[in-house]
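One chain, chain A, appears in both complexes that follow, with chain B as partner in the first and chain C in the second.
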Partner chain A sequence: MEAPPCSQVEELQQEQEHGSSLVVGLSLCDSAPLLWRFQDLKTVRSNSLVGALLGSLPRTPRQNIRLGRPLLLMPEEERVLREHHGAAALSAWNQVRNRDAAGAAELRQRYEEEQQRSLEEQSILALEDRKLALLRAMTSSSGSESGAGSDEALQCRLLALEQNFSFPRSALAVQLSTARAGLSHCQEACAFLEADRPIREQDSPRRDARYQVFRDLWGRGFFLTSAGKFGGDFLVYPGDPLRFHAHFIAVCLTLDESICMLDVLSVARLGSNVKKTVLLCSPAPDGSVHYTSLQWSGMM
Partner chain B sequence: MADQNKTGGAENFYNEILSPCELFAARSRSHKIPARGQKDFYPDDSEEQRQRLQQSLDEHWNLIAEERVERLGNLVKATWVPSDQIVELQTPAGKFWQTMGFSAEVKQYLLPEEALYLMECGNLLVFHQDLPLSIQDGYEMFLSSDAMSLQQYQVFGHLKRLGYVVHRFDPSSEPSSYVRQLNLPQSRERGGRQLKRKRSPSPTPTCSHTKTPGESLAEKMEDDDKLPESHLMTSAEPPEPQTASPHSAAKGQARTWWMMDAPELEADKRSSPGSPSGRLRWNFSTIPFPDLGSTSRPRCMVPVDTSLLPRDVTVGVCDLDSWMRKINLRKVKMSVKEQQREKHRRRWDVNKDREVQRCRNWAEYHELLARRQAKRQGRPAHLWNREVKPLHDPTQPISTAELLEKISVVKSTNLLEGASRLKCSEEWRICFNVYQPDSVADFKKSNPGKPYSRMCVCSFDGPVPDLRVIKQLAFQSGNVPIVYAVVDYGDISFYTFKDFQLPRDVYA
Partner chain C sequence: MSGAKASEKAPSTNWILQHPTYQQMKELNVGESEQIHAAFLVYMDLTEVRRWKEVSCVKSLDLQVVLLEAREKDGSPVHTVLPLPVHQSLCHQSIRQVLDRGFPMLLCAVASDSTLVYQRMTDGLVTPDPPVGPFEDAGRRQHRKRRHHR
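Moving on, here comes the complex of A and B:
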């Protein structure tokens, strides 16, 4: 892998200072590898792996343009992480939740206590907030008036506010956690995923070719995402997709696979329509990958 | 942002729990999303580019890291019931109840995908064993390949976020193919109409029974080969077929006095053709009709036989002159060519034609004429008098569509042809009914009406639906179009297959 640019090295060092290793926790949902923890998403991105966000964005849930966590990894991304010992399997929900009655009761009690504490703290904060608002309102309305009279009135009002103030439970702000953490989180048994863990899909020559191509391009510093809509295997970006357009559509083939002319034509047409270069990629037996680009040239 | 305690251990690094202070401060959060700027084409290691990238990334992480914070009073509370794979509401449902959820006994329930979507929207707080579930818990507990898979939930969420109403598809709630085949409301009518034959309108099927005596008599009359109109006569009196046939016969008699013997409609009498049973019969060969237009004009006319006239009608001498003046007797002006042609025509004797001489009787002569006519019109007889005939007679008018139909070797078909015979596939099934967003205001869960479309979820990794699957699902769906939602990791593409008939008619 190429030496990552400066900013990423810093980030790595910071994480190492924290004492956490460069490992992300994978959770399986319906046998798909998902990342839930925010730091895991950052780690993965800093390794130029993009993934795909699936969930609603908390700030604006009812739109599809920007999505939120979880992050879904492509099989190639997951495999790359595992081969670099960068992925650990987080405990599934049933391992976390199925505990004995005593343990469950304890957790419930902790939860109640936390809620109560939160209620009290928020109540105080709310009162402070109201006082400040009152102060601002009174000083702005009084304007140039000064003197003990207005001060007294102010004190009176503040006292009345304090006495009559109530913070109902319904006003309590609660968090709907995205990732499983906090009370229900127990110390993970981080089982490091070995590279030879059986992959969900069967190994086929095509899958293997895809992975070889992915690893080669990723190793050169490109960012790759899935390109189903473009008729190819991967979209290849020269930099982070947030800032750059894709340059290539990578179509992965094994060296001995034959491709019919119609397919070549249709993928070339598609590529020229979306202004991207089509790359036919085939891994060679020696580990390198052969790339052929298609360019539409008119001979008039 | 999550609280990061820099002096803490690994656990704090991943801690995403907000403190009460942060929870309180969340009230004043912005609800806007920053707009994404223009992208660059190529990384050029410039500082400007790096800064823009960092800014984009920071914005991105801010949005991603934000946790959902809601007022407890705004949240509907529910519990997860694993045994039934259902979510039971503990507090009354909110606005979402109009399009989601169902009631059973006294309680309100939500399906797992509906509950998960509402959790992601920040409207629902689901408990399990008295502890609140995180979104991750929801995904892992509610989604599985047997009930609702992750891909199906992706499609569900995508559509819900756009505002559609999405329900699970229940195959048993659709009328089965057998019921549709029966097409019950119309079949009786059709059968009744078939009994009528080509008679004038008589609405009740009972007509057919009383008609039969009349019909058989009409057939007899046809056999006689003399009165092609008489059966029409009988049919012209449809409303009272129950009355005895002699009644109709009497009416018939009144109108047929100038024809051949009116048929005796009593069963015992069958008049033989040719015998005058007290009726007049005209022998046209003996009645002279003067030809006033011929060149040899008769100066006088033979008086008419009084037996041919009606009673009490007398005829005097006919004044020919006035009539002659009314006839155009002027000679036709013809050009020389026309005169020659006319002369030739007069001289031409059909009997001199060899082919005509070969005809031994009138039937053969008619055949000769027909043959000559056919040849003139492009319909030669030798093509048409065999077993294998031309597909179409060029003298007959025909539309382009019908002609194409006749000469076609391959028949065009439509999507649903033969679909009723197909059995359901194991892998492919319709997942959802989708209703349009603007119907939400008057949407009724008990009577949702016809869906806008039905969804079938698949992925780019899997097989493309073949014709068999498309036919079978289209048939199962009835008159609602099917949309295939193809999931490609984070992306969803929607495809439909529509019937298309090649145009066959030419409109000038």
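Moving on, here comes the complex of A and C:
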């Protein structure tokens, strides 16, 4: 069996600090780590990793406020998942493939059965409707008189209706589900996402500093997202971003990296305008991280 | 006549260079002239404009610059002020070294036109002040605004 073109990495995570033990399936598209499965998204969120949704939603396509799966992880988030409990590479891709071959036939059979069931239900309901219509027509035309005669005629008519009624298949109402069934159903998309080999970016002191800071803040229970809009490295939330505003804009640098005063001024001023504290974060040689809070002094 | 002639003589030397505090700073033998000039401007601002108390200059051997120490009022805690010309760069390590002195720290950026900008630097994570109320629910107002603009 050849090596899978798109590596599917399953990671076991028994994380004491964050509570639940879980398995997360990571899909790599080039070097971008993606999560496709709904359960995986719930899992990482409950472990205070936010990521970014990338996909468009079929029912609300032309907007960017609400996006759908997949979830793109930041490099730091992926690394934290891997390092926390060792990644085991499984050829899960093959499993998906096999499930498909057998699964397709099974799915088709299930679909046919569902259609048949729906047809039977709808024909019963259609018959009921016709009977009611008949009843209404008969009672309204015969007026207020009621007698054994008209009752008998009614019963005859109803019986005839039942015996001669047939619900044609062409009248069947069919529901088309617009919910995404899952990537395994979309062969073209799977093929498109296959990568020959994941391209990993080179390590650099700055990237390492970013990771150390990320891990330290995440370990303290903060939620972190990327801070492109604010000219920083991370936005630091005291809880789920859906419930809180960010408190800090984290700027990660090494201790000996030189920064221009003008940059310090501009980021501090921005921070004060958006009511967030700017954090200068640098990993120390002893493994801890130094944080310096930068606040506009307000001295006019 | 002679009085007028006297007033036309060559301008006296820069008063800053002659100022005793400036000379004191020079004698600390740290920092380039630009940084000392910046330190002097901050000194004047703190003493004359803001009327801070017990303003003094000290030298930092780690950073090789002139630092200032001052209190905002009698009885306030002593602050360390790091004056720096705005085009100079610094590193996080230097900031940590000044913080290690143990006093609340102010970084003062001095522009070429003598504009001064102060920033507070604190060790650790300082939660920002929450936004001030009263808060109005934007709600429908936003939709109404949009329709109006269209």
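Following the convention adopted for this analysis, the second predicted complex is superposed on the first by the 162 of 300 C-alpha atoms of A that agree within 3 Å, B and C clash if a C-alpha of one lies under 4 Å from a C-alpha of the other, contacts with A are read in each partner's own complex, and residues count from 1 in each chain.
The working rule: a residue touches a chain if its C-beta (ideal position, glycine included) is under 8 Å from a C-beta of that chain, and two chains touch if they have at least 3 such contacts.
Since this is a predicted model, take the numbers as computed values, not measurements.
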Touched partner set for A:36, first chain B, second chain C, both or neither: first
Touched partner set for A:277, first chain B, second chain C, both or neither: second
Touching partner for A:248 - first (chain B), second (chain C), both, neither: second
Dominant toucher of chain A (residue count), chain B or chain C: B
Partner chain in contact with A:291 - chain B first, chain C second, else both or neither: second
Which of chain B and chain C A:256 touches, first, second, both or neither: second
Which of chain B and chain C A:176 touches, first, second, both or neither: first
Touching residues (chain side chain A, partner chain B) in the complex: 7, 15, 18-20, 25, 27-32, 34, 36-42, 45, 51-64, 66-70, 72, 74, 92-93, 97, 104, 107-108, 111, 117-118, 121-122, 125-126, 168-184, 187, 201, 225-226, 228-229, 238-240, 242-245
Chain C-touching residues of chain A, taken from the complex the two chains share: 247-248, 253-262, 264-265, 268, 271, 275-277, 279-280, 282, 290-297, 299
Chain C residues touching chain A - in the complex, by the definition given at the top: 50, 84-93, 95-96, 99, 106-107, 109, 117-131
Of chain B, residues touching chain A in the complex: 2, 6, 9-11, 13-18, 20-21, 23-24, 26-27, 29-31, 33, 36, 39-43, 49-50, 52-54, 56-57, 60-61, 63-73, 75, 117, 119-122, 125, 128-132, 134-137, 139-141, 143-145, 149-150, 154, 157-158, 161-163, 460-461, 486, 488-491, 493
